[in-house]
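One chain, chain A, appears in both complexes that follow, with chain B as partner in the first and chain C in the second.
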Partner chain A sequence: MELDAITNKVLDAIDTNGFKQQGAYNLRYNGAALCHGDSENIRIRRKEDKQGIDVYISSKAQGEQVHIPVVISQSGMMDVVYNDFYIEESADVVIVAGCGIHNSGCNETRHDGIHAFHVGKNAKVVYEEKHYGEGEGTGENILNPVTQIYMEEGSMFTLDTVQIRGVDSTKRITDVDMGPESRLFVMEKLMTHDKQTAVSNMEVRMNGEGSSAQIISRSVAKGTSSQTFHPSAVGNALCKAHVQCDAIIMDHAHVCAIPEIDAHDVDAQIVHEAAIGRINNEQLLKLRSFGMKEEEAEAVIIDNFLQ
Partner chain B sequence: MELDAITNKVLDAIDTNGFKQQGAYNLRYNGAALCHGDSENIRIRRKEDKQGIDVYISSKAQGEQVHIPVVISQSGMMDVVYNDFYIEESADVVIVAGCGIHNSGCNETRHDGIHAFHVGKNAKVVYEEKHYGEGEGTGENILNPVTQIYMEEGSMFTLDTVQIRGVDSTKRITDVDMGPESRLFVMEKLMTHDKQTAVSNMEVRMNGEGSSAQIISRSVAKGTSSQTFHPSAVGNALCKAHVQCDAIIMDHAHVCAIPEIDAHDVDAQIVHEAAIGRINNEQLLKLRSFGMKEEEAEAVIIDNFLQ
Partner chain C sequence: MLEVRNLAYEVVENGEKITIVKDINFSVEDGEMLVITGPNGGGKTTVAKLLMGVLSATGGKLLLDGVDIAPMAIDERAKAGIGYAFQQPPIFKGMTIRRLLNLAAGEELSEDICCELLSSVGMCAREYLDREVDATLSGGERKRVEIATVLAKQHKLCIFDEPEAGIDLWSFSMLVKEFEKIHKEKKETLVLISHQEKIIRMADRILVIKDGTVDRCGAAGEILPLLFGGEDSCACINRKGGNGYGVGCDNK
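Now for the complex of A and B:
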């Protein structure tokens, strides 16, 4: 089906792989499924009891993608959606989610996506999620994602999450239970500006022997925006984790990082690093000596930092 | 005056500089001042309204020491004491505190030392505090120190705190307010064994321009003991802080580190590192290849780590 210009623009921002109406996909638009398709190995079913979908990914899915973007252009909408993903043993899949709000009104627009991933033995999942807000309206754009991940033995999960811009308020909750020999990679990138607020709480429980987690968070806070990170790595078995939070603070912004490392097992090895500071002055001077304006130079450094 | 053998043994453990009844000193014993002396530049006065002393350190004190140990050998004692330190501009002083409990009974023995340091402009203070418990009794030894530090412009404070062993439960609170160009160094070392518990909460507020803080925590948890660290570095101005927590976990112990770095100013530069892990295996093997027993080798590595 034909999509309007605003929807296409928002989709371009939140789905950098390129959203197409083919293979397995589901486009949620203003609180309802607008178009949807299955592939041979990935089936998407609408939930009967509440808003949302169940996505069944079979073992035969190897290197397949499924795209499930959400676009909201109706100012004042409050959309709560529950999506469950059942990934069979040894499947290998890329799930591209993301939510974009075009708010041209004066009302608060909000999307809460509660996503649960049931990751089978030895399955391999890459989950990409981009959050974005735009529009000439004065209404706030609010995104509160909840991500629950249950990892069976030997599975691998990559969580690649980005908040691009235009999100006035976000409260992120990520909760992971890890089985034996499972591996988790988290890359969280966040940019806030003006008087935006962002809170990200994450708890990773390494319950299975040989599990490992790498969590990287990079953020930039501009204007009078405020960010709080609270990642927690809990080691309940022989396991390894590395948590790293880096933030650039600008203008009159506020960044607070409260990483928690919690070892309950003598063979848990958990390391954390965090740094908050202003933009690198030497880089800034170098770029300005190439003739860039201060703002341009800052933009280059920030883009690089968030890549 | 002559001190008994137990008191001397406990004093040796908590005052490694060597406690002498000369210069400025105050020995608190079983809830009361046992002996006390002033020096020309350091006066110690008993508080009128509650338990504790006021220590006045004049600008003329340069390189002087004051020793104020606490010894408790009466099982079942509950001792709460308030000590205030007034350090004049440009003074340079070493304050040696520390508390040792010899518990030969079946009752809980507890000492809460609430210490406040008013550090004048450009003054230089080293504060050493050792905590220790011993005795053949079954009663618990509890130490809950509260340390409040107010640092004026250009002052320097070194907090060197050690919990040696024998402390069944501790809850430490450290609170620091830093003026312009002031410098703080914290070195916290903690060893817990058996079913001991330790909680350390620290908040350092860098309010003054050019203030800097270095906080290092090293701990070893053995047996089924449990430790929780929550150091917080708050940057309210141009400032620098480095927080580092390293812990060795053994047996069935539990260590949790929740460092918080909180930047409210674009010129606040705050870095944190934390690591929890088991004892270094290579070092262990090396020492054992020299003929050491496993326990001996472990003791050497732990001693080194806590030096």
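Now for the complex of A and C:
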């Protein structure tokens, strides 16, 4: 299917792996599935009772990718979608999601993506989610993702979320239940500017013995934007977790980081750290000693911080 | 050629003017190595920062090949050909060592060149390339990466502020060899702030700074005996005037 220039541009921004109408994919466009394909090991089925899809990933999927981007170019659209992923035992898959809004109107445009992952025993999942907004309109772009992850024994889940620009408001909810010997890696990268607001609430429950979680959040707040992070690691068994929130604050922005650790077992080892600060003058001077102007140096620092 | 004329730096604290350095005069010929040494807190790092533009001089002239660089900002001085290794290098969360070297070089370096640069400062190169320049590196490792960033590009003038600080003996030997190599090739002028005898003995010229001003300045052959041989070195550093090495000394 031929996609228009706006859709292609937005897809380039949210799917850096390169969206192709090949293998397993589903492109949701302005509230409806525009095109989709299955692979031998990954089947995508439209839900009967509500908006969204069920994605079935078989054990035979090893190193495969499935792309499920969402593009909205209709100003004023309120899109709510429920996607469920069933990942069989020992499967190894990369799921590339993400939502991009091109808003050329004056109406608020919103996408709420509710994703649930049922991760089988010893399965390995990398989930990449990029959020992006653009357009010459004055209407706000709002993205509210909900991510629920249920991890069985020995499974591994990497959650890599990025929100770089153009999203006026976001409220993220992430809920994770971890089985024995399961491992979770969360990397949340966020940049807000102007009057944007971002709230991220996360609760990771380490219920199984030997489970471990690493939760890292890195953010940059510019202008008068506001960010609140509240990651919570709950240890209900012998487990290990590390929660880290790092933020660069600029201009008149506001950043609030509340890392929470909550142990219900004497063998739970949970550590948290949080740091908020402006761009370090020594960093700027070092990069300027390479011949960069101050603005260039600042851009490099932010770019690398969010890498 | 670098010429420093009556360099001064003052700050105002609580309405009171405080002189940090004053009457600093010296020059370094192309390809020469000048070592600046002297007691802690004497003003050596301030002079180095004034040369690079990390601090702005409140008086005097800085001539690089006859052009007064004093009004230039740090990035303009970098473009004019000055490289600078900070005494206490900053950390960069999210930035890999490879990326930092590329930025320092102003171009994408091959993996082999990155490895050579790190090897020259005593780092087992490949394993470090994708490490972040963050707190997971030790102080000595950060220092060696800092030096490698200056070596990543050809400069007219390289300034190293206490390159030996925090570096183990083995890496220090590698570093000395690297300085010897640069010095031998005479392609770059070197200014090193150092307390290390091994580095001081490599110098063509030595500048001793104490209490914010020049205490001694001259050819290595003249200053070395005053620092390390014959007379008591502290007494020599403390004694002003005499032998033509007093305040405002010039090597012309």
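Convention: the second predicted complex is superposed on the first by the 304 of 307 C-alpha atoms of A that agree within 3 Å, B and C clash if a C-alpha of one lies under 4 Å from a C-alpha of the other, contacts with A are read in each partner's own complex, and residues count from 1 in each chain.
Here is the rule we go by: contacts are C-beta pairs under 8 Å (C-beta built on N, C-alpha and C of every residue); 3 or more make two chains touch, one makes a residue touch a chain.
Since this is a predicted model, take the numbers as computed values, not measurements.
Asker: Of the two partner chains, chain B (first) and chain C (second), which one does A:Arg218 touch, if any: first, second, both, or neither?
Answerer: In the superposition, A:Arg218 contacts chain C only.
Asker: Kindly classify A:Lys293 by the partners it touches after superposition: chain B alone (first), chain C alone (second), both, or neither?
Answerer: It touches chain C, and chain B stays clear.
Asker: Is A:Glu282 touching the first partner chain B, the second partner chain C, both, or neither of them?
Answerer: After superposing on A, A:Glu282 lies in contact with chain C but is clear of chain B.
Asker: A:Phe305 in the overlay: touching chain B, chain C, both, or neither? Say first, second, both or neither.
Answerer: Touch status of A:Phe305: second partner only.
Asker: Quick one: is A:Val255 in contact with chain B, with chain C, with both, or with neither? Answer first, second, both or neither.
Answerer: first
Asker: Of the two partners chain B and chain C, which one touches more residues belonging to chain A?
Answerer: B
Asker: Once chain A of both complexes is superposed, is A:Val271 in touch with chain B (first), chain C (second), both, or neither?
Answerer: So A:Val271 only meets chain B here.
Asker: A:Ala263 in the overlay: touching chain B, chain C, both, or neither? Say first, second, both or neither.
Answerer: A:Ala263: touches chain B, not chain C.
Asker: Kindly classify A:Asp84 by the partners it touches after superposition: chain B alone (first), chain C alone (second), both, or neither?
Answerer: neither
Asker: Could you list, by residue number, the parts of chain A that touch chain C in their complex?
Answerer: So the residues of chain A in touch with chain C come to 218, 246, 280, 282-283, 285-294, 300-301, 304-307.
Asker: Spell out the part of chain B that touches chain A in their complex, as residue ranges.
Answerer: Interface residues on the chain B side: 235, 247, 249-278.
Asker: Along chain C, where are the residues that touch chain A in the complex?
Answerer: For chain C paired with chain A, touching residues are 52, 54, 73-75, 78-79, 83-84, 86, 88-95, 99, 103-104, 106, 149.
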